[in-house]
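Each of the two complexes below includes chain A, the first together with chain B, the second together with chain C.
The block that comes next holds the complex of A and B.
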């Protein structure tokens, strides 16, 4: 991916110089060896600060909703990030012509320790962006090496009781810092239900029952909208494997509605539409 | 009378801890998957000292994230059950940055007009056993605060790993009670400790003048830097929750019919709703104001109020930040701004 860095800089410079966009949201050098950090470029002279490497883990689409008042935004986005952008467009959070997507075929990004491709990426089957304005590189599909064991399939194969115990053990690590929610581009609610006090939905602090409510409600809110970028998993300071919840729900949505979020801008999100053919076996 | 230093062979640590466990509650770093956390141990072999510092700081030992202050009956308006008293406990294995964090919490919760009974009760019955930090991590910058990674007077006992043993500095009588059966440190061990302490170690951040920093902060209240930083910040509380000195909390009542409990929980100044008033007014509506509050509280207000800076350079905030915000860069930028302003 490093080869794309120069092309991204060139494109960013062109867009800013021509005043096609007000700002380019991209990755800059991080302060630690295996990290990058989001940067926001308004001056074409600063495009050299843009980097692209295997540590560009953040999903920058999270900034689109926050910065949309700046004008048209260009964004450096991996295919999974583009899926979030597609969902944001579908949900009318951003307008298609107010965002310039710079994307590329992605081989996956590495874990925070820099050792290996993140499990989220190694199991990802979508290496090319569903939509883009500028495609860097040839855009050819890149096959990923699948994980030798599939922890999500393993989780799915368990009984509901066993799954409940696993989820409880995972969530017991949570400190309710909301890094997962805040790193997620799809969590754009101005007021999250956990912060409502009249009435109060859940207790403050990290009591397990409250923590579980937070994560389960958040995961269900993301059903059919989650672009599987893993921003939540990577953001977690405590190493909570949120993927078990998100991947299971994504799998359910795919099985029930034959749809994956953020792939087709012309198709409404699975849970935002009704079809007479939809799965309804739960109505007895 | 000065208390004699002791030594303990590294391979004797598990037995030493097991002996303490016979009559005391011990909290120590425990490895869990890729991380270690301070947890109550049942056996000495659970202790994991492989990491520079546990993922979360030691603050929760005395100031837990959730704490029931008391129970009450809503109808009768009576307190129905005082909270249970904590037993004497030992905090083992805290590195000097965490011990400095405890010293800052002590100032806040124990001195001044408001004495925090919940904190004091836990803190005063506890015996602290510190642990020297073998090698700073890439996020460590305790050096700029004058914290010695190999010693600390905050702890009752301080263990410094020297070759195949721990050199134990005895700081208090309570501490001495625990190690009085161990052999005394001889000239050879003292020399080895001295050599270790004199060995230069590189840190990630070159020392910066803290006086200059205080001045820089004073002159940077309206700096555009705060808004710049806040653009990147996603507004979670990972940094504040892992911080050894962040101490803000919220108090809520959990009720079920007539029964209720008053709970205190951690809160964080990076949350937009942290400062929301009951009137609906929020004095810190934009991220830049929140970012400024966090930095100024640590490096300026706390110093004004308590006499010390409330950052210990543990680097946890740098390590956990989902978007790689780095407090060291902020400090450097502030110092640079000051330098360029003084040139003008």
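The block that comes next holds the complex of A and C.
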């Protein structure tokens, strides 16, 4: 991916100089090795600050909804980030012609320690962006090694009691900082249900059931919209296995509704539509 | 008081079931069951909703958290929705919720769904009977109940002081009961 860095800088400079876009959202060098930081460039002189390497883990689509008042935005986006952008367009949170997507074929980003490709990336089946305005590189599909073990199948093979004990232990780790929610581009609600006071859905404090409700509802709100970028998993400071919930829902959406989020901007999200022939056997 | 005790002892665990019923079908179905004198167990607590599509999964989780042993959501048969398509959206939402809860280790049958029309009074009583029996078999819901996280030593202390006069109201046993998840 590093070879794309110069091309991205060139494109960003061109877009800013021609006043095609008001701002370029991209990655800048982080203050620590193996990390990058989101940067927002309005002056074409600053495009050299843009970097692109295998540590560009953040999903920058989260800033599109926050900065849309600036005017047209250009964004450096990996294919999974583009899926989030497509979902945002489907939900009319941003306009297609108000965003310039600079994308590329992605081979996956590395973990914080810089050693291995992140597990979410190694099992990712989508290496080319579904939509783009500028494609850097040849845009050829990059085959990934499929993960040897499927976390959902592995977890499902346990007994309900074992599963519950694992979930309880995972939830006990959560400090409810809501970093997972803040990092998610699909969590753009002005007021989240966890912060509502009338009624107060979630109590303050380390109550296990409240934490569990937060995580279940957060995952359900992303059902059929989650682009599987893993921003929530990476944002978690406590290492909660959030992937179990989202992966299970994504699998169900694919199996039951034959749809994956963020691949087709003209198709409504899976849970915002229906089919008369949908699975009905679970209802008495 | 005495009579209540014997009834409780003879029947064992009585589940509390929260039933979200659509105003346009199942709620009227429950009404018809009453008019037609079809009996059903008194374990359900009915909450009338304008459509099964109005039931947010959050409501179901909150019901479980606040002590419901089971939740029933009942709406109009496919094709019969008062709002044309509300129950179709609901169906997609509920299958995801149900699968996720079971995936996380919740017992199958804690949360149930049914289609009951306004003309199906007898069917409504049948559904409530089935749901009540299946939840009774599962026993009290333990997974999601709000817990007061009381440290072990305080619990022990409460247990020891249980018989002291100021604890006669039985608050200690109540606390202990709620903490046992």
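We take it that the second predicted complex is superposed on the first by the 278 of 284 C-alpha atoms of A that agree within 3 Å, B and C clash if a C-alpha of one lies under 4 Å from a C-alpha of the other, contacts with A are read in each partner's own complex, and residues count from 1 in each chain.
Simple rule for what comes next: a residue touches a chain if its C-beta (ideal position, glycine included) is under 8 Å from a C-beta of that chain, and two chains touch if they have at least 3 such contacts.
Since we're looking at a predicted model, the values are computed, not measured.
Asker: Assess the superposed three-chain arrangement around chain A: do chain B and chain C clash, or do they fit?
Answerer: The answer is fit.
Asker: Tell me which of chain B and chain C touches more residues of chain A.
Answerer: Partner with more touched residues of chain A: C.
Asker: Look at A:188 in the shared chain and tell me whether it touches chain B only, chain C only, both, or neither; answer first, second, both or neither.
Answerer: Neither partner.
Asker: Touching A:219 in the superposition: chain B (first), chain C (second), both, neither?
Answerer: second
Asker: Mind working out whether A:201 is in touch with chain B, chain C, both or neither, as first, second, both or neither?
Answerer: Second partner only, chain C.
Asker: Give the angle at the C-alpha centre of chain A formed by the C-alpha centres of chain B and chain C in the superposed arrangement, rounded to the nearest 10 degrees.
Answerer: Nearest-10 rounding gives 80 degrees.
Asker: Which of the two partners, first being chain B and second being chain C, lies in contact with A:35: first, second, both, or neither?
Answerer: The answer is first: A:35 touches chain B but not chain C.
Asker: Can A:67 be said to touch chain B (first), chain C (second), both, or neither?
Answerer: first
Asker: Taking the superposition as given, does A:156 touch the first partner, chain B, the second, chain C, both, or neither?
Answerer: second
Asker: How far apart, in whole Å, are the nearest Cα atoms of chain B and chain C in the superposition?
Answerer: Minimum C-alpha separation, chain B to chain C, in the superposed model is 6 Å.
Asker: Shared contact residues on chain A for chain B and chain C?
Answerer: On chain A, the overlap between the chain B and chain C contacts is residues 203, 206-207.
Asker: Which part of chain A faces chain C closely enough to touch in the complex?
Answerer: 152, 155-156, 160-167, 193, 201, 203, 206-210, 212-213, 216-217, 219-220, 223, 244-245, 248-249, 252-253, 256-257, 270-272, 274-276, 278-280, 282-284
Asker: Give every residue of chain B touching chain A within the complex, in rising order.
Answerer: Touching chain A from chain B are residues 33-35, 55-56, 65-66, 138-139, 231-232, 234-238, 240-242, 250, 252, 254, 263, 265-268, 271, 273, 318-320, 322-326, 328-329.
Asker: Where on chain A is chain B touching in the complex?
Answerer: It comes out as residues 30-33, 35-40, 58, 62-63, 67, 175-179, 181-183, 195, 203-207, 231, 234-235, 237-239.
Asker: Over in the complex, which chain C residues touch chain A? Could you list them?
Answerer: 57-58, 61-62, 65, 78-79, 85, 88-89, 91-107, 112-115, 127, 130-131, 143-147, 149, 181
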